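Each remark here refers to the structure printed beneath this line.
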Amino acid sequence: MYSQRYNLTIRDINYANHMDHLALLNYLHETRVRFLRSLGYSELDVDGNDSGLVVADLQCSYRKECFYGEEIVVLLQLELKSPTRLVFNYTISKNDDVVVANAIIKVAFISKERKIIAVPEYLQKLAKSINL
Amino acid sequence: MYSQRYNLTIRDINYANHMDHLALLNYLHETRVRFLRSLGYSELDVDGNDSGLVVADLQCSYRKECFYGEEIVVLLQLELKSPTRLVFNYTISKNDDVVVANAIIKVAFISKERKIIAVPEYLQKLAKSINL
Amino acid sequence: MYSQRYNLTIRDINYANHMDHLALLNYLHETRVRFLRSLGYSELDVDGNDSGLVVADLQCSYRKECFYGEEIVVLLQLELKSPTRLVFNYTISKNDDVVVANAIIKVAFISKERKIIAVPEYLQKLAKSINL
Amino acid sequence: MYSQRYNLTIRDINYANHMDHLALLNYLHETRVRFLRSLGYSELDVDGNDSGLVVADLQCSYRKECFYGEEIVVLLQLELKSPTRLVFNYTISKNDDVVVANAIIKVAFISKERKIIAVPEYLQKLAKSINL
(Lines give C-alpha, C1' and ligand atoms only; values in the text may rest on other atoms or scores of the structure.)
Protein backbone atom coordinates (compact mmCIF):
# COMPACT_ATOMS: atom_id res chain seq x y z
CA MET A 1 0.00 0.00 0.00
CA TYR A 2 1.51 3.28 -1.15
CA SER A 3 -0.03 6.69 -0.53
CA GLN A 4 0.62 10.33 -1.26
CA ARG A 5 -1.03 13.55 -0.07
CA TYR A 6 -1.72 16.60 -2.25
CA ASN A 7 -3.11 20.06 -1.62
CA LEU A 8 -5.39 21.21 -4.42
CA THR A 9 -3.99 24.27 -6.19
CA ILE A 10 -5.62 26.95 -8.30
CA ARG A 11 -4.68 25.07 -11.47
CA ASP A 12 -6.84 22.15 -10.30
CA ILE A 13 -10.01 24.23 -10.09
CA ASN A 14 -12.15 24.70 -13.19
CA TYR A 15 -14.81 27.19 -14.28
CA ALA A 16 -17.39 25.33 -12.14
CA ASN A 17 -15.23 26.13 -9.08
CA HIS A 18 -14.44 22.53 -8.17
CA MET A 19 -11.61 20.11 -8.93
CA ASP A 20 -11.31 19.36 -12.61
CA HIS A 21 -11.17 15.76 -13.86
CA LEU A 22 -7.87 16.55 -15.53
CA ALA A 23 -6.46 17.47 -12.12
CA LEU A 24 -7.70 14.21 -10.67
CA LEU A 25 -6.08 12.21 -13.45
CA ASN A 26 -2.90 14.19 -12.91
CA TYR A 27 -2.78 13.07 -9.26
CA LEU A 28 -3.28 9.43 -10.24
CA HIS A 29 -0.36 9.65 -12.67
CA GLU A 30 1.82 11.63 -10.27
CA THR A 31 1.30 9.00 -7.57
CA ARG A 32 2.34 6.23 -9.95
CA VAL A 33 5.45 8.16 -11.00
CA ARG A 34 6.43 8.76 -7.35
CA PHE A 35 5.84 5.11 -6.54
CA LEU A 36 8.17 3.97 -9.35
CA ARG A 37 10.77 6.58 -8.36
CA SER A 38 10.63 5.42 -4.75
CA LEU A 39 11.76 2.03 -6.09
CA GLY A 40 14.54 3.51 -8.23
CA TYR A 41 12.73 3.44 -11.59
CA SER A 42 10.65 5.71 -13.82
CA GLU A 43 7.91 5.41 -16.44
CA LEU A 44 10.51 5.81 -19.18
CA ASP A 45 12.81 3.20 -17.63
CA VAL A 46 10.78 0.78 -15.60
CA ASP A 47 13.33 -2.00 -15.25
CA GLY A 48 16.84 -0.59 -15.82
CA ASN A 49 16.69 -1.71 -19.48
CA ASP A 50 14.89 1.36 -20.85
CA SER A 51 11.59 -0.45 -20.99
CA GLY A 52 8.53 1.75 -20.69
CA LEU A 53 5.06 1.64 -19.20
CA VAL A 54 1.95 2.29 -21.30
CA VAL A 55 -1.56 2.89 -20.02
CA ALA A 56 -4.08 0.60 -21.70
CA ASP A 57 -7.33 1.24 -19.80
CA LEU A 58 -8.58 3.86 -17.40
CA GLN A 59 -11.72 3.86 -15.27
CA CYS A 60 -13.04 5.81 -12.29
CA SER A 61 -16.19 6.76 -10.41
CA TYR A 62 -16.65 10.16 -8.84
CA ARG A 63 -18.33 10.36 -5.44
CA LYS A 64 -17.75 13.88 -4.13
CA GLU A 65 -16.63 17.33 -5.27
CA CYS A 66 -13.29 18.73 -4.10
CA PHE A 67 -12.41 22.39 -3.67
CA TYR A 68 -9.43 24.76 -3.63
CA GLY A 69 -7.01 24.17 -0.77
CA GLU A 70 -8.40 20.80 0.29
CA GLU A 71 -6.01 17.95 0.96
CA ILE A 72 -6.60 14.68 -0.86
CA VAL A 73 -4.99 11.33 -0.16
CA VAL A 74 -4.28 8.99 -3.06
CA LEU A 75 -3.90 5.34 -2.10
CA LEU A 76 -2.31 2.92 -4.54
CA GLN A 77 -2.40 -0.88 -4.68
CA LEU A 78 -1.09 -3.26 -7.32
CA GLU A 79 -2.89 -6.24 -8.80
CA LEU A 80 -1.41 -8.70 -11.29
CA LYS A 81 -3.99 -9.65 -13.94
CA SER A 82 -1.73 -11.73 -16.16
CA PRO A 83 2.02 -12.12 -16.75
CA THR A 84 1.86 -9.07 -19.04
CA ARG A 85 -0.85 -6.97 -17.46
CA LEU A 86 -0.62 -5.03 -14.21
CA VAL A 87 -3.42 -3.04 -12.60
CA PHE A 88 -3.00 0.05 -10.43
CA ASN A 89 -6.00 0.34 -8.10
CA TYR A 90 -6.46 3.77 -6.57
CA THR A 91 -8.72 5.24 -3.92
CA ILE A 92 -8.88 8.98 -3.40
CA SER A 93 -10.26 10.42 -0.19
CA LYS A 94 -10.44 13.62 1.81
CA ASN A 95 -10.99 13.60 5.57
CA ASP A 96 -11.63 9.84 5.31
CA ASP A 97 -14.50 10.38 2.85
CA VAL A 98 -14.10 8.60 -0.48
CA VAL A 99 -13.88 11.14 -3.31
CA VAL A 100 -13.11 8.74 -6.15
CA ALA A 101 -13.80 5.00 -5.99
CA ASN A 102 -12.84 2.15 -8.31
CA ALA A 103 -10.11 4.11 -9.98
CA ILE A 104 -8.37 1.49 -12.07
CA ILE A 105 -5.51 1.95 -14.51
CA LYS A 106 -4.36 -1.11 -16.45
CA VAL A 107 -0.86 -0.92 -17.84
CA ALA A 108 1.39 -2.92 -20.12
CA PHE A 109 5.15 -2.83 -20.49
CA ILE A 110 7.18 -2.42 -23.68
CA SER A 111 10.86 -3.02 -24.36
CA LYS A 112 12.90 -0.30 -26.01
CA GLU A 113 12.27 -2.16 -29.30
CA ARG A 114 8.60 -1.48 -28.48
CA LYS A 115 7.56 -5.13 -27.96
CA ILE A 116 5.22 -6.17 -25.14
CA ILE A 117 7.23 -7.71 -22.28
CA ALA A 118 6.36 -9.36 -18.96
CA VAL A 119 5.54 -7.24 -15.92
CA PRO A 120 8.92 -6.54 -14.25
CA GLU A 121 9.58 -9.02 -11.45
CA TYR A 122 9.80 -6.48 -8.61
CA LEU A 123 6.32 -5.22 -9.52
CA GLN A 124 4.95 -8.77 -9.75
CA LYS A 125 6.26 -9.41 -6.23
CA LEU A 126 4.79 -6.21 -4.86
CA ALA A 127 1.45 -7.09 -6.43
CA LYS A 128 1.47 -10.49 -4.81
CA SER A 129 2.47 -9.37 -1.37
CA ILE A 130 -0.08 -6.57 -1.51
CA ASN A 131 -2.83 -9.04 -2.31
CA LEU A 132 -2.19 -11.15 0.78
CA MET B 1 -23.86 11.70 -34.13
CA TYR B 2 -21.81 14.77 -33.31
CA SER B 3 -18.13 15.17 -34.13
CA GLN B 4 -15.32 17.67 -33.72
CA ARG B 5 -11.77 17.83 -35.08
CA TYR B 6 -8.71 18.98 -33.11
CA ASN B 7 -5.05 19.54 -33.94
CA LEU B 8 -2.77 18.40 -31.14
CA THR B 9 -0.82 21.32 -29.68
CA ILE B 10 2.40 21.47 -27.72
CA ARG B 11 0.44 21.55 -24.45
CA ASP B 12 -0.97 18.11 -25.30
CA ILE B 13 2.45 16.45 -25.55
CA ASN B 14 4.10 15.11 -22.40
CA TYR B 15 7.65 14.23 -21.40
CA ALA B 16 7.32 10.91 -23.26
CA ASN B 17 6.75 12.92 -26.47
CA HIS B 18 3.23 11.66 -27.12
CA MET B 19 -0.28 12.87 -26.30
CA ASP B 20 -0.92 13.03 -22.60
CA HIS B 21 -4.02 11.38 -21.09
CA LEU B 22 -4.98 14.72 -19.62
CA ALA B 23 -5.07 16.14 -23.13
CA LEU B 24 -7.26 13.29 -24.27
CA LEU B 25 -9.71 13.84 -21.43
CA ASN B 26 -9.69 17.53 -22.26
CA TYR B 27 -10.87 16.78 -25.82
CA LEU B 28 -13.67 14.54 -24.54
CA HIS B 29 -14.90 17.33 -22.25
CA GLU B 30 -14.45 20.04 -24.89
CA THR B 31 -16.53 18.03 -27.35
CA ARG B 32 -19.34 17.66 -24.81
CA VAL B 33 -19.26 21.38 -24.04
CA ARG B 34 -19.42 22.27 -27.76
CA PHE B 35 -22.26 19.81 -28.26
CA LEU B 36 -24.33 21.40 -25.48
CA ARG B 37 -23.51 24.90 -26.77
CA SER B 38 -24.58 23.90 -30.28
CA LEU B 39 -28.00 23.21 -28.73
CA GLY B 40 -28.09 26.50 -26.83
CA TYR B 41 -27.08 25.18 -23.41
CA SER B 42 -23.96 24.76 -21.27
CA GLU B 43 -22.68 22.47 -18.52
CA LEU B 44 -23.59 25.09 -15.93
CA ASP B 45 -27.09 25.57 -17.39
CA VAL B 46 -28.16 22.44 -19.13
CA ASP B 47 -31.89 23.14 -19.39
CA GLY B 48 -32.50 26.89 -19.09
CA ASN B 49 -33.24 26.47 -15.34
CA ASP B 50 -29.62 26.64 -14.12
CA SER B 51 -29.42 22.88 -13.71
CA GLY B 52 -25.96 21.40 -14.02
CA LEU B 53 -24.30 18.29 -15.35
CA VAL B 54 -22.02 16.15 -13.18
CA VAL B 55 -19.75 13.38 -14.37
CA ALA B 56 -20.30 10.16 -12.40
CA ASP B 57 -18.13 7.59 -14.20
CA LEU B 58 -15.35 7.70 -16.75
CA GLN B 59 -13.81 4.87 -18.72
CA CYS B 60 -11.58 4.53 -21.79
CA SER B 61 -9.21 2.19 -23.60
CA TYR B 62 -6.14 3.43 -25.42
CA ARG B 63 -5.24 1.84 -28.74
CA LYS B 64 -2.60 4.06 -30.33
CA GLU B 65 -0.19 6.88 -29.52
CA CYS B 66 -0.79 10.36 -30.94
CA PHE B 67 1.86 12.98 -31.69
CA TYR B 68 2.32 16.73 -32.05
CA GLY B 69 0.44 18.29 -34.94
CA GLU B 70 -1.76 15.27 -35.67
CA GLU B 71 -5.47 15.78 -36.22
CA ILE B 72 -7.85 13.71 -34.14
CA VAL B 73 -11.58 13.31 -34.63
CA VAL B 74 -13.83 12.92 -31.59
CA LEU B 75 -17.18 11.28 -32.29
CA LEU B 76 -19.97 11.58 -29.74
CA GLN B 77 -23.16 9.53 -29.32
CA LEU B 78 -25.76 9.61 -26.56
CA GLU B 79 -27.29 6.64 -24.79
CA LEU B 80 -30.09 6.82 -22.20
CA LYS B 81 -29.42 4.34 -19.37
CA SER B 82 -32.30 5.34 -17.09
CA PRO B 83 -34.55 8.38 -16.64
CA THR B 84 -31.77 10.01 -14.57
CA ARG B 85 -28.63 8.67 -16.19
CA LEU B 86 -27.22 9.63 -19.58
CA VAL B 87 -24.14 8.15 -21.23
CA PHE B 88 -21.81 9.95 -23.64
CA ASN B 89 -20.10 7.37 -25.84
CA TYR B 90 -17.00 8.63 -27.62
CA THR B 91 -14.68 7.27 -30.26
CA ILE B 92 -11.41 9.03 -31.06
CA SER B 93 -9.62 8.36 -34.30
CA LYS B 94 -6.87 9.69 -36.53
CA ASN B 95 -6.79 8.94 -40.26
CA ASP B 96 -9.65 6.48 -39.67
CA ASP B 97 -7.58 4.48 -37.15
CA VAL B 98 -9.16 4.16 -33.72
CA VAL B 99 -6.99 5.88 -31.10
CA VAL B 100 -9.32 5.50 -28.12
CA ALA B 101 -12.14 2.98 -27.96
CA ASN B 102 -14.99 2.50 -25.47
CA ALA B 103 -14.65 5.97 -24.07
CA ILE B 104 -17.71 6.24 -21.87
CA ILE B 105 -18.71 9.11 -19.61
CA LYS B 106 -21.83 8.64 -17.49
CA VAL B 107 -23.44 11.83 -16.27
CA ALA B 108 -26.23 12.87 -13.93
CA PHE B 109 -28.11 16.16 -13.74
CA ILE B 110 -28.72 18.33 -10.69
CA SER B 111 -31.10 21.20 -10.12
CA LYS B 112 -29.78 24.48 -8.75
CA GLU B 113 -30.91 23.23 -5.34
CA ARG B 114 -28.44 20.39 -6.03
CA LYS B 115 -31.02 17.57 -6.23
CA ILE B 116 -30.80 14.83 -8.85
CA ILE B 117 -33.27 15.51 -11.68
CA ALA B 118 -34.37 13.68 -14.83
CA VAL B 119 -32.25 13.84 -17.98
CA PRO B 120 -33.47 16.96 -19.85
CA GLU B 121 -36.07 16.02 -22.48
CA TYR B 122 -34.14 17.31 -25.51
CA LEU B 123 -31.20 15.07 -24.55
CA GLN B 124 -33.51 12.09 -24.00
CA LYS B 125 -34.89 12.58 -27.52
CA LEU B 126 -31.45 12.89 -29.05
CA ALA B 127 -30.38 9.72 -27.26
CA LYS B 128 -33.37 7.85 -28.61
CA SER B 129 -33.09 9.01 -32.18
CA ILE B 130 -29.38 8.28 -32.14
CA ASN B 131 -30.05 4.72 -31.05
CA LEU B 132 -32.37 3.99 -33.95
CA MET C 1 8.16 38.51 2.86
CA TYR C 2 5.96 35.51 2.09
CA SER C 3 7.24 32.22 0.71
CA GLN C 4 5.95 28.84 -0.39
CA ARG C 5 7.68 25.59 -1.36
CA TYR C 6 6.58 23.29 -4.19
CA ASN C 7 7.74 19.93 -5.49
CA LEU C 8 7.68 19.77 -9.28
CA THR C 9 5.22 17.17 -10.52
CA ILE C 10 4.94 15.29 -13.78
CA ARG C 11 2.41 17.84 -15.07
CA ASP C 12 5.09 20.54 -14.78
CA ILE C 13 7.52 18.77 -17.12
CA ASN C 14 7.24 19.33 -20.86
CA TYR C 15 8.41 17.44 -23.96
CA ALA C 16 11.92 18.92 -23.50
CA ASN C 17 12.06 17.16 -20.09
CA HIS C 18 12.32 20.32 -17.99
CA MET C 19 9.86 22.58 -16.17
CA ASP C 20 7.43 24.24 -18.52
CA HIS C 21 6.89 28.01 -18.43
CA LEU C 22 3.20 27.38 -17.84
CA ALA C 23 4.12 25.48 -14.69
CA LEU C 24 6.28 28.35 -13.53
CA LEU C 25 3.48 30.85 -14.07
CA ASN C 26 1.16 28.51 -12.21
CA TYR C 27 3.42 28.61 -9.14
CA LEU C 28 3.55 32.42 -9.22
CA HIS C 29 -0.26 32.57 -9.29
CA GLU C 30 -0.67 29.84 -6.68
CA THR C 31 1.64 31.71 -4.30
CA ARG C 32 -0.38 34.91 -4.72
CA VAL C 33 -3.63 33.04 -4.08
CA ARG C 34 -2.22 31.40 -0.93
CA PHE C 35 -0.92 34.76 0.27
CA LEU C 36 -4.37 36.38 -0.08
CA ARG C 37 -6.02 33.37 1.57
CA SER C 38 -3.57 33.56 4.49
CA LEU C 39 -4.98 37.06 5.07
CA GLY C 40 -8.61 35.93 4.81
CA TYR C 41 -9.28 37.05 1.23
CA SER C 42 -9.22 35.64 -2.31
CA GLU C 43 -8.68 36.86 -5.87
CA LEU C 44 -12.43 36.96 -6.40
CA ASP C 45 -13.03 38.85 -3.14
CA VAL C 46 -9.98 40.82 -2.27
CA ASP C 47 -11.50 43.18 0.29
CA GLY C 48 -14.70 41.68 1.68
CA ASN C 49 -16.76 43.72 -0.84
CA ASP C 50 -16.49 41.28 -3.76
CA SER C 51 -13.80 43.35 -5.45
CA GLY C 52 -11.45 41.44 -7.70
CA LEU C 53 -7.80 41.47 -8.70
CA VAL C 54 -6.72 41.66 -12.35
CA VAL C 55 -3.24 41.08 -13.72
CA ALA C 56 -2.09 43.96 -15.94
CA ASP C 57 1.56 43.15 -16.69
CA LEU C 58 3.78 40.12 -16.36
CA GLN C 59 7.54 39.86 -16.73
CA CYS C 60 10.24 37.33 -15.83
CA SER C 61 13.78 36.21 -16.63
CA TYR C 62 14.79 32.58 -16.62
CA ARG C 63 18.18 31.66 -15.21
CA LYS C 64 18.21 27.87 -14.77
CA GLU C 65 16.32 24.76 -15.83
CA CYS C 66 14.29 22.79 -13.28
CA PHE C 67 13.52 19.09 -13.36
CA TYR C 68 11.01 16.53 -12.09
CA GLY C 69 10.92 16.12 -8.33
CA GLU C 70 12.98 19.22 -7.53
CA GLU C 71 11.78 21.56 -4.82
CA ILE C 72 11.45 25.23 -5.69
CA VAL C 73 10.92 28.13 -3.30
CA VAL C 74 8.78 31.07 -4.40
CA LEU C 75 9.43 34.29 -2.49
CA LEU C 76 6.89 37.11 -2.70
CA GLN C 77 7.24 40.80 -1.86
CA LEU C 78 4.78 43.66 -2.39
CA GLU C 79 5.57 47.08 -3.83
CA LEU C 80 3.08 49.94 -4.11
CA LYS C 81 3.56 51.79 -7.41
CA SER C 82 0.61 54.18 -7.13
CA PRO C 83 -2.65 54.35 -5.16
CA THR C 84 -4.22 52.04 -7.75
CA ARG C 85 -1.31 49.86 -8.79
CA LEU C 86 0.33 47.09 -6.76
CA VAL C 87 3.33 45.03 -7.80
CA PHE C 88 4.06 41.45 -6.75
CA ASN C 89 7.82 40.84 -6.95
CA TYR C 90 8.82 37.19 -6.98
CA THR C 91 12.08 35.30 -6.81
CA ILE C 92 12.18 31.57 -7.49
CA SER C 93 15.09 29.49 -6.33
CA LYS C 94 16.18 25.90 -5.80
CA ASN C 95 18.92 25.00 -3.32
CA ASP C 96 19.61 28.75 -2.94
CA ASP C 97 20.31 29.14 -6.68
CA VAL C 98 18.09 31.67 -8.45
CA VAL C 99 15.94 29.95 -11.07
CA VAL C 100 13.80 32.93 -12.09
CA ALA C 101 14.78 36.53 -11.41
CA ASN C 102 12.87 39.80 -11.80
CA ALA C 103 9.52 38.10 -11.87
CA ILE C 104 7.12 41.00 -11.67
CA ILE C 105 3.33 40.91 -11.81
CA LYS C 106 1.52 44.26 -11.76
CA VAL C 107 -2.09 44.12 -10.67
CA ALA C 108 -5.07 46.43 -10.46
CA PHE C 109 -8.27 46.09 -8.43
CA ILE C 110 -11.85 46.36 -9.64
CA SER C 111 -15.09 46.77 -7.73
CA LYS C 112 -17.96 44.40 -8.41
CA GLU C 113 -19.32 47.12 -10.74
CA ARG C 114 -16.01 46.58 -12.58
CA LYS C 115 -14.54 50.04 -11.90
CA ILE C 116 -10.87 50.52 -10.97
CA ILE C 117 -10.52 51.07 -7.22
CA ALA C 118 -7.65 51.86 -4.84
CA VAL C 119 -5.33 49.11 -3.66
CA PRO C 120 -7.01 47.68 -0.50
CA GLU C 121 -5.57 49.30 2.61
CA TYR C 122 -4.23 46.09 4.21
CA LEU C 123 -2.18 45.43 1.06
CA GLN C 124 -0.93 49.04 0.98
CA LYS C 125 0.28 48.62 4.56
CA LEU C 126 1.99 45.32 3.83
CA ALA C 127 3.70 46.87 0.81
CA LYS C 128 4.99 49.75 2.92
CA SER C 129 6.25 47.68 5.80
CA ILE C 130 7.90 45.27 3.38
CA ASN C 131 9.75 48.14 1.72
CA LEU C 132 11.35 49.37 4.93
CA MET D 1 4.63 38.37 -40.26
CA TYR D 2 3.26 35.01 -39.19
CA SER D 3 -0.16 34.49 -37.62
CA GLN D 4 -2.32 31.73 -36.22
CA ARG D 5 -5.94 31.60 -35.09
CA TYR D 6 -7.22 29.68 -32.05
CA ASN D 7 -10.64 29.02 -30.54
CA LEU D 8 -10.59 29.17 -26.76
CA THR D 9 -11.49 25.82 -25.23
CA ILE D 10 -12.80 24.86 -21.81
CA ARG D 11 -9.26 24.12 -20.63
CA ASP D 12 -8.36 27.78 -21.23
CA ILE D 13 -11.03 29.11 -18.87
CA ASN D 14 -10.25 29.43 -15.18
CA TYR D 15 -12.34 29.70 -12.01
CA ALA D 16 -12.91 33.41 -12.73
CA ASN D 17 -14.64 32.37 -15.98
CA HIS D 18 -12.18 34.07 -18.33
CA MET D 19 -9.04 33.00 -20.20
CA ASP D 20 -6.27 31.96 -17.88
CA HIS D 21 -2.77 33.44 -18.24
CA LEU D 22 -1.41 29.93 -18.62
CA ALA D 23 -3.64 29.49 -21.65
CA LEU D 24 -2.38 32.73 -23.11
CA LEU D 25 1.24 31.68 -22.65
CA ASN D 26 0.38 28.35 -24.22
CA TYR D 27 -0.82 30.10 -27.39
CA LEU D 28 2.35 32.19 -27.60
CA HIS D 29 4.46 29.02 -27.38
CA GLU D 30 2.24 27.07 -29.77
CA THR D 31 2.52 29.84 -32.37
CA ARG D 32 6.32 29.79 -32.11
CA VAL D 33 6.39 26.00 -32.46
CA ARG D 34 4.13 26.14 -35.54
CA PHE D 35 6.26 28.88 -37.04
CA LEU D 36 9.45 26.81 -36.67
CA ARG D 37 7.68 23.72 -38.02
CA SER D 38 6.45 25.70 -41.03
CA LEU D 39 10.14 26.27 -41.83
CA GLY D 40 11.07 22.61 -41.32
CA TYR D 41 12.52 22.89 -37.81
CA SER D 42 11.44 22.46 -34.18
CA GLU D 43 12.35 23.82 -30.76
CA LEU D 44 14.41 20.70 -30.07
CA ASP D 45 16.20 20.93 -33.43
CA VAL D 46 16.25 24.49 -34.59
CA ASP D 47 18.96 24.22 -37.25
CA GLY D 48 19.26 20.61 -38.38
CA ASN D 49 22.18 20.09 -35.94
CA ASP D 50 20.09 19.29 -32.85
CA SER D 51 20.55 22.77 -31.45
CA GLY D 52 17.79 23.96 -29.16
CA LEU D 53 15.95 27.16 -28.31
CA VAL D 54 15.71 28.43 -24.73
CA VAL D 55 13.46 31.20 -23.48
CA ALA D 56 15.42 33.83 -21.52
CA ASP D 57 12.86 36.59 -20.87
CA LEU D 58 9.12 36.88 -21.06
CA GLN D 59 6.94 39.98 -20.83
CA CYS D 60 3.34 40.90 -21.65
CA SER D 61 0.59 43.41 -20.92
CA TYR D 62 -3.04 42.38 -20.70
CA ARG D 63 -5.64 44.70 -22.20
CA LYS D 64 -8.88 42.73 -22.33
CA GLU D 65 -10.53 39.59 -20.97
CA CYS D 66 -11.28 36.67 -23.30
CA PHE D 67 -14.04 34.10 -22.89
CA TYR D 68 -14.97 30.54 -23.85
CA GLY D 69 -15.43 29.98 -27.56
CA GLU D 70 -13.90 33.28 -28.68
CA GLU D 71 -11.38 33.28 -31.51
CA ILE D 72 -8.04 34.94 -30.90
CA VAL D 73 -5.40 35.80 -33.47
CA VAL D 74 -1.73 35.58 -32.51
CA LEU D 75 0.61 37.67 -34.67
CA LEU D 76 4.34 36.96 -34.56
CA GLN D 77 7.28 39.12 -35.70
CA LEU D 78 11.01 38.54 -35.28
CA GLU D 79 13.58 41.09 -34.14
CA LEU D 80 17.33 40.48 -33.96
CA LYS D 81 18.78 42.08 -30.81
CA SER D 82 22.34 40.77 -31.16
CA PRO D 83 24.09 37.93 -33.00
CA THR D 84 23.05 35.59 -30.19
CA ARG D 85 19.72 37.00 -29.10
CA LEU D 86 16.44 36.86 -30.99
CA VAL D 87 13.16 38.41 -29.93
CA PHE D 88 9.69 37.11 -30.74
CA ASN D 89 7.22 40.00 -30.66
CA TYR D 90 3.59 38.97 -30.40
CA THR D 91 0.27 40.76 -30.57
CA ILE D 92 -2.93 38.97 -29.61
CA SER D 93 -6.27 40.30 -30.73
CA LYS D 94 -9.92 39.32 -31.04
CA ASN D 95 -12.23 41.02 -33.53
CA ASP D 96 -9.42 43.51 -34.25
CA ASP D 97 -9.28 44.57 -30.58
CA VAL D 98 -5.90 44.12 -28.92
CA VAL D 99 -6.12 41.59 -26.09
CA VAL D 100 -2.42 41.40 -25.21
CA ALA D 101 0.11 44.05 -26.19
CA ASN D 102 3.92 44.14 -25.96
CA ALA D 103 4.20 40.40 -25.62
CA ILE D 104 7.92 39.84 -25.95
CA ILE D 105 9.83 36.58 -25.64
CA LYS D 106 13.62 36.76 -25.87
CA VAL D 107 15.32 33.52 -26.78
CA ALA D 108 18.84 32.16 -27.04
CA PHE D 109 20.12 29.12 -28.90
CA ILE D 110 22.26 26.29 -27.57
CA SER D 111 24.22 23.60 -29.36
CA LYS D 112 23.72 19.97 -28.40
CA GLU D 113 26.83 20.39 -26.21
CA ARG D 114 24.72 23.07 -24.47
CA LYS D 115 26.89 26.06 -25.48
CA ILE D 116 25.37 29.37 -26.59
CA ILE D 117 25.48 29.67 -30.39
CA ALA D 118 24.58 32.36 -32.93
CA VAL D 119 20.97 32.83 -34.01
CA PRO D 120 20.50 30.43 -36.97
CA GLU D 121 20.97 32.28 -40.27
CA TYR D 122 17.48 31.64 -41.66
CA LEU D 123 15.99 33.27 -38.56
CA GLN D 124 18.42 36.22 -38.79
CA LYS D 125 17.28 36.78 -42.39
CA LEU D 126 13.61 36.58 -41.49
CA ALA D 127 14.18 39.06 -38.67
CA LYS D 128 15.88 41.49 -41.04
CA SER D 129 13.36 41.28 -43.82
CA ILE D 130 10.54 41.65 -41.31
CA ASN D 131 12.11 44.82 -39.97
CA LEU D 132 12.24 46.53 -43.37
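Order of writing sets the chain letters: A, B, C and D. Residues in each chain are counted from 1.
In this section, contacts are C-beta pairs under 8 Å (C-beta built on N, C-alpha and C of every residue); 3 or more make two chains touch, one makes a residue touch a chain.
In this text the structure is predicted, and so the values were computed from the model without any measurement.
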Common contacts of chain B and chain C, by label, are A, D
Chain whose average C-alpha position is farthest from chain C's own: B
Looking only at C-beta pairs in contact, point me to the busier pair out of C-D and B-D. C-D
What's the distance between the Cα centroids of chain A and chain D, rounded to whole Å? 35
So the centre of each chain is just the mean of its C-alpha atoms; given that, what is the distance between chain C and chain D in Å? 23
Express in whole angstrom the distance between the two chain centres, defined as the mean CA positions of chain B and chain D. 31
Which positions in chain A touch two or more other chains at once? 10-11, 15, 22, 26, 29, 68
Under the definition above, what is the set of chain B residues touching chain C in their complex? 10-11, 13-15, 17, 22, 68
With touch defined as at the start, can you tell me which chain A residues reach chain B in the complex? 15-16, 21-22, 25-26, 29, 43-44, 52, 54-62
For the complex, which residues does chain C have touching chain A? 9-11, 26, 29-30, 33, 37, 68-69
